[in-house]
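Each structure below is given as structure tokens.
Same chain, two partners: chain A is paired with chain B first, then with chain C.
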Partner chain A sequence: MYKSVRMIMAFAAALLLCSTYTASAGDTLKIGSFLAVTGPASFLGDPELKTLQMYIDDINSKGGIDGTKIDFIHYDTKAKAKDAKNFVNRLIKKDRVDVIIGGSTSGNTIAVMDLVEKAHVPLISLAGSVKIIEPVKKWIFKTPHTDRMAAAKIFEDIKARGFNKVALITGNGGFDKSGRAQCLALAPKYGLVIVADEKYGNSDTDMTTQITKIRSTDAEVIVNFGFGKAPAIVTKNIRQLGVKLPLYQSHGVASKKFIELAGEAAEGVRLPAAGLIVADKLPDTDPQKRVLLAYKNAYEAKYGPVSTFGGHAYDALFITVNAVRSAGSTDRAKIRDEIEKTKGFVGTGGIFNMSPSDHLGLGLDSFHMVEIKNGDWVLVN
Partner chain B sequence: MTDQLFQFLISGITVGSVYALVGLGFTIIYNASDVVNFAQGEFVMIGAMSAIFLYRAGVPYPFALAAAVLITMAVGMLLEKLAIEPAKNASVVTTIIITIGASIFLRGAALLIWGKDIYGLPPFTKDVPISIGNATLLPQNLYVMGGTALAVLAVRYFFDKTITGKAILACSCNRKAASLVGINVNRMLLIAYGISALLGAIAGILVTPITYTSYDSGVMLGLKGFCAAILGGMGSSMGAVAGGLLLGVIESLGAGIISSGYKDAIAFVVILAVLFIRPSGLLGSADAERV
Partner chain C sequence: MKRLAGFYILAAVLIATGLIFPDSYYVTVVGVTICTNAVLAVSLNLLMGYAGQISLGHAAFFGLGAYASAVLTTKYGINPWLAMLAGVGISGTLAFILARPILKLKGHYLAMATLGMGIIIHIFFVQADWITGGPDGLSGIPEITIAGLAINNDIRWYWVFGGLMLFTTWISLNIVDSRPGRALAAVHGSEVAAQMTGVDTASVKAQIFVVSAVIASVAGSLFAHQQAFVSPESFSFFFSIELVTMVVLGGLASTFGAIFGAVLLSILPEFLLVFEDFEVLIYGAILMIIMIFLPEGLFVSGSRIVTGWLKKREMSTQ
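This part shows the complex of A and B:
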């Protein structure tokens, strides 16, 4: 008993030391992050953290942002919402960061939004859901395209090809469900009819049953929202059953892995993707091309194949850096105001134009519709 | 509608074949030691992953598959030797907990060795769909069904006709009596784990060209295989096979006819219903309780 009291006192003393230490560090910009570096969403958090570390080291070695060095504090949430909450609490109260970048998943971000709003710390999320920025929260921003934009981009293309009847097939993950909801909500706006709404489990091994049901409807195109191995199985099953309908996948499978897994069955599949995966195929006049190639080359020289997820972290970091530069201060409120004024920032996700009513600032043109041909991406015009 | 039904059945039987093999693996270890080995799903994953990486390293396809089966058997036997045998005086529940620990360990090891990526294997022969009426199936579906049937027959033969097989069954009936008549109980357990791992590896290799695999794909297959074994009656090898096929078909028909959103729920409701009516499972003997 006595011993444990002593332990607690020692711990409290240590905490006190920490907090005085952090408070005394004045002339640095403190960026905190809480990303899912390990755990089920590590394919998001891992490249995000590597990107942040690489560029922060680079900025610091070049003397910081106009002389202000960046102090980077990172916690790994393992994609657990409870951990995300604890770590963000720590970032705000103990580490007293000026800006927070994260989390990797929509769940982690939504879990901490109230906390961050109350503490008045600007946060730039790297997660997809439209719920993060709608309705607009004063201190919350994000850089990745929303699932609604992906659905809209797909529907735009379907409409342009003259189709009207859509069969939807989605998994049971958060990404899938959110994508499905956006598709159902957006379809009437584009004059499309959803004639089938099939579901599968993300660890399922066979979707021929669902596709057989789709085959018996009068659907003209199939849209699949999901990521991981399930979309590849769906794609193969569609081909196996001899279904000839055009297939759309979401930005969730915008990686070479999908082409590798689905093999020949992937030929002709269309999907909306951020510029990064088609960087070298963009015309030289594209304002994004230079930024994309620079990021891709820097990342691949150090870590191996680039992913769009790391790109979201790149965008968040440089939006922050630009905001600090134009604010000329590390004051949280001033940084927030400058982030909101971001105009014409060329990032990996597109060209960002934020406003008080739009805390993402990307238009539909930031997505490129690509088709898979001969095992590679081809831009669709 | 009949065309659709036929397609649902084909899908169900393919998926069910894998459940059956995993369920059979559960049954063999259960029969030998009354222990439910929760690392069974990991055997499936290890078989598939080793095959993939041997094949990628340039080993000819058939040899890669054979070597993967041997590697998995070695893992199964090591598991018995290093984790189960040292705890041979522990209660059944303790041993089951050890297998849960082993499954987490194997999953972690696979994550460290092979990473988090998803991998596939090429199909055994050309991937041209075969049409039967309006329904289609892949040659690989036939390999899955045929491979399962062969494995089941071989296991059946082993336990019914060979001395070793009968000795393993004797161990489960009465361990003390078995050792008194000169059966080496430890060795029989080792063989049982080896065969279970072998079945797991076969399941993994057969199905990966269709379903892909990753370090964590053993969890769900293990759970479904366990359900198959329970449904058929724990301890009955033919029961596990029937349970697996039935589970696959129920899932597929449930998804096809009722709603794909409730596919797993429908399957679990059926299992619960069966267990309420026949607690010993479909083919389990009613007097399974020993004193």
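This part shows the complex of A and C:
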């Protein structure tokens, strides 16, 4: 009996230790992140985490941000909203971080927004949905282009080519649904008519039924919003059925993986993408070119082919670093104010100009319309 | 007194932990998760452990409660308590309608039917985006007030969920020791034999299915208010499996076993985080070892070993 009492005491003591041990933020900056490194969205989280680790190691080995070392804490959400919520709770209440970078998906980010707003911790999201920054939330920022911008860019291009009738085909994921909603909302503004609105499940292996339906309408172009392997299947199916209509994909497929998966069917597909995937094809006068090539070379030297998703993490990290530098402290409120004042920051996604009413700070011109030719990206002018 | 001794110990531990460590992350955040899971595990155990009816769709009732509260409070501005009641109504009615046809099945077929039910409800949460907000979920769920006290910080939530867990445990212990409880045990043993002794097996099973669904629904409603956000992922098939694991791991047909399983499965991931990449591997290994060496569940086998050991020592000292 005596023994067991002692054991319980020891356990309680250990618990107490765990709970009271939180290093006070002295001259270290604590950055916490929650990314979907494994699971269905690993193609987002994996390059994001690698980018953060690579640059944080680099900054620390060069003496930190004006002497302030970065302490990096990371949790893998596996793209589950509940895990995201628990981990952010842990980052805020246990690890007591100064800034949070993440999550990889819109669902993960939206899940933690209330929590972060209450806790007063600046958060820079790496997810696409426009819901993250509209309406503006005081402590929440993001670096990737929104789905609304992607839809706008696609519609601009469709209009420029003189088409009017659009067939929409989207999956059942969060990204797909949000993209679809933006397309439906924006189409009238560009004078376009949505003549078909087909849906598939993201784990489906064949979309010929939906495409056959589209074929029976008088659509002039097809727009597909999605990421992962589904858009590649859509692309293949369209070519297999001999449908000759121009096909637009979203920025969700802006990685070499898509071209690999879709193979020859990807030829001629157009999509809006950040400058990163066409870095070496940009004119030398482009202010982004130097930054893009530096990031691309650094990443590829260490990990292999670069994707725009890692670039979002690069942007988020350096916006934070710059904010800490100009704030001259690791105070959360001061960092937040400085992030909001970000002006003319040249990142991989574009040139960021944030303001109290715009927590993204990217214009439509930060997107490039690219076309797939001979298994590579080509700029469309 | 003796019948509820375990219950009093549990209550004492719960209250003491909350009073001694009101600021600890492990109480305010992990503690709330533990209590939520414990409520669900205990309610599932009523069905699985005592009545012997497997359910792979328990998370669906949890989700129905959560979504009923989330939708009714955010979109229609209905009082949270009325919304919770509506959730109970929906879950209870659905369970009641489904109980008879589903619980006629046995073994794998019952597992398949409940699995199907769970998946259908999950698909509904994802696809009916005009009501449920789709895969992005619903946010901005208001906080609740109990007797004028707003439940707006972590420790208060700990007390709410702790209270719900104690209440559920108390109900579970009382059901088991009552006439319906003995009827359930009879059904578990042999349905034919139970019928022979005059037990209306179909209605006994239906009743326990409804009770179990209603408890899960209440937990879901509170979960929605506590998280202030719901999304379909929290109520997926995988969560149902996790709940089944908790019940089996702790020990079937033991209320405290279910609680023990919930505690273990909620705490383990927190401590395994230090192993980073190997976290899932170690987690799996622990579950495997427990099931191989303690097939009756950690709590049931564990307490048997301890009592056996105590008896032995008593004998040797005499």
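The rule is simple: the second predicted complex is superposed on the first by the 356 of 381 C-alpha atoms of A that agree within 3 Å, B and C clash if a C-alpha of one lies under 4 Å from a C-alpha of the other, contacts with A are read in each partner's own complex, and residues count from 1 in each chain.
Rule of thumb we're sticking to: a residue touches a chain if its C-beta (ideal position, glycine included) is under 8 Å from a C-beta of that chain, and two chains touch if they have at least 3 such contacts.
None of the values given here were measured: they were computed from a predicted structure.
Asker: Label the relationship between chain B and chain C on chain A in the superposed model as either fit or clash.
Answerer: Aligned through their shared chain, the two binders fit side by side on chain A.
Asker: Nearest 10 degrees is fine: what angle do the Cα centroids of chain B and chain C make about that of chain A?
Answerer: 60
Asker: After lining up the shared chain so the two structures overlap, which partner does A:333 touch, if you call chain B first and chain C second: first, second, both or neither?
Answerer: After superposing on A, A:333 lies clear of both chain B and chain C.
Asker: Per the contact definition in the header, classify A:42: touching chain B only (first), chain C only (second), both, or neither.
Answerer: first
Asker: Quick check on the superposed pair: does A:129 touch chain B, chain C, both, or neither? Answer first, second, both or neither.
Answerer: It touches chain C, and chain B stays clear.
Asker: On the A-aligned overlay, A:107 touches which partner chain: chain B = first, chain C = second, or both, or neither?
Answerer: In the superposition, A:107 touches chain C alone.
Asker: So, does A:94 touch the first partner chain B, the second partner chain C, both, or neither?
Answerer: second
Asker: When the two complexes are placed on top of each other via chain A, what is the minimal CA separation of chain B and chain C in Å?
Answerer: So the smallest C-alpha to C-alpha spacing between these two chains is 6 Å.
Asker: Based on the A-chain superposition described above, do chain B and chain C contact any of the same residues on chain A, and if so which?
Answerer: Common to the two interfaces on chain A: residues 172.
Asker: Show which residues of chain A lie in contact with chain C when the two form their complex.
Answerer: Residue list for chain A touching chain C: 15-16, 18-19, 75, 80-82, 85-86, 89-90, 93-94, 106-107, 110-111, 113-115, 129, 131, 172-174, 177-178.
Asker: Of all residues in chain B, which touch chain A in the complex?
Answerer: Of all residues in chain B, those touching chain A are 4, 7-8, 10-12, 14-15, 18, 116-118, 120, 127, 129, 131, 136-138, 207, 210-212, 214, 217, 219-220, 252, 255-256, 259-261, 263-264.
Asker: Applying the document's contact rule, which stretches of chain C touch chain A when the two form their complex?
Answerer: Listed in rising order, the residues of chain C that touch chain A are 21, 23-29, 33, 126-127, 129, 134-137, 139-140, 154, 227-229, 231, 233-234, 270, 273.
Asker: Going by the contact rule at the top, pick out the chain A residues touching chain B in the complex.
Answerer: Chain A residues touching chain B: 42-43, 172, 198-201, 203-206, 208-210, 212-213, 216, 228-229, 232-233, 236, 239-242, 257, 260-261, 263-264.
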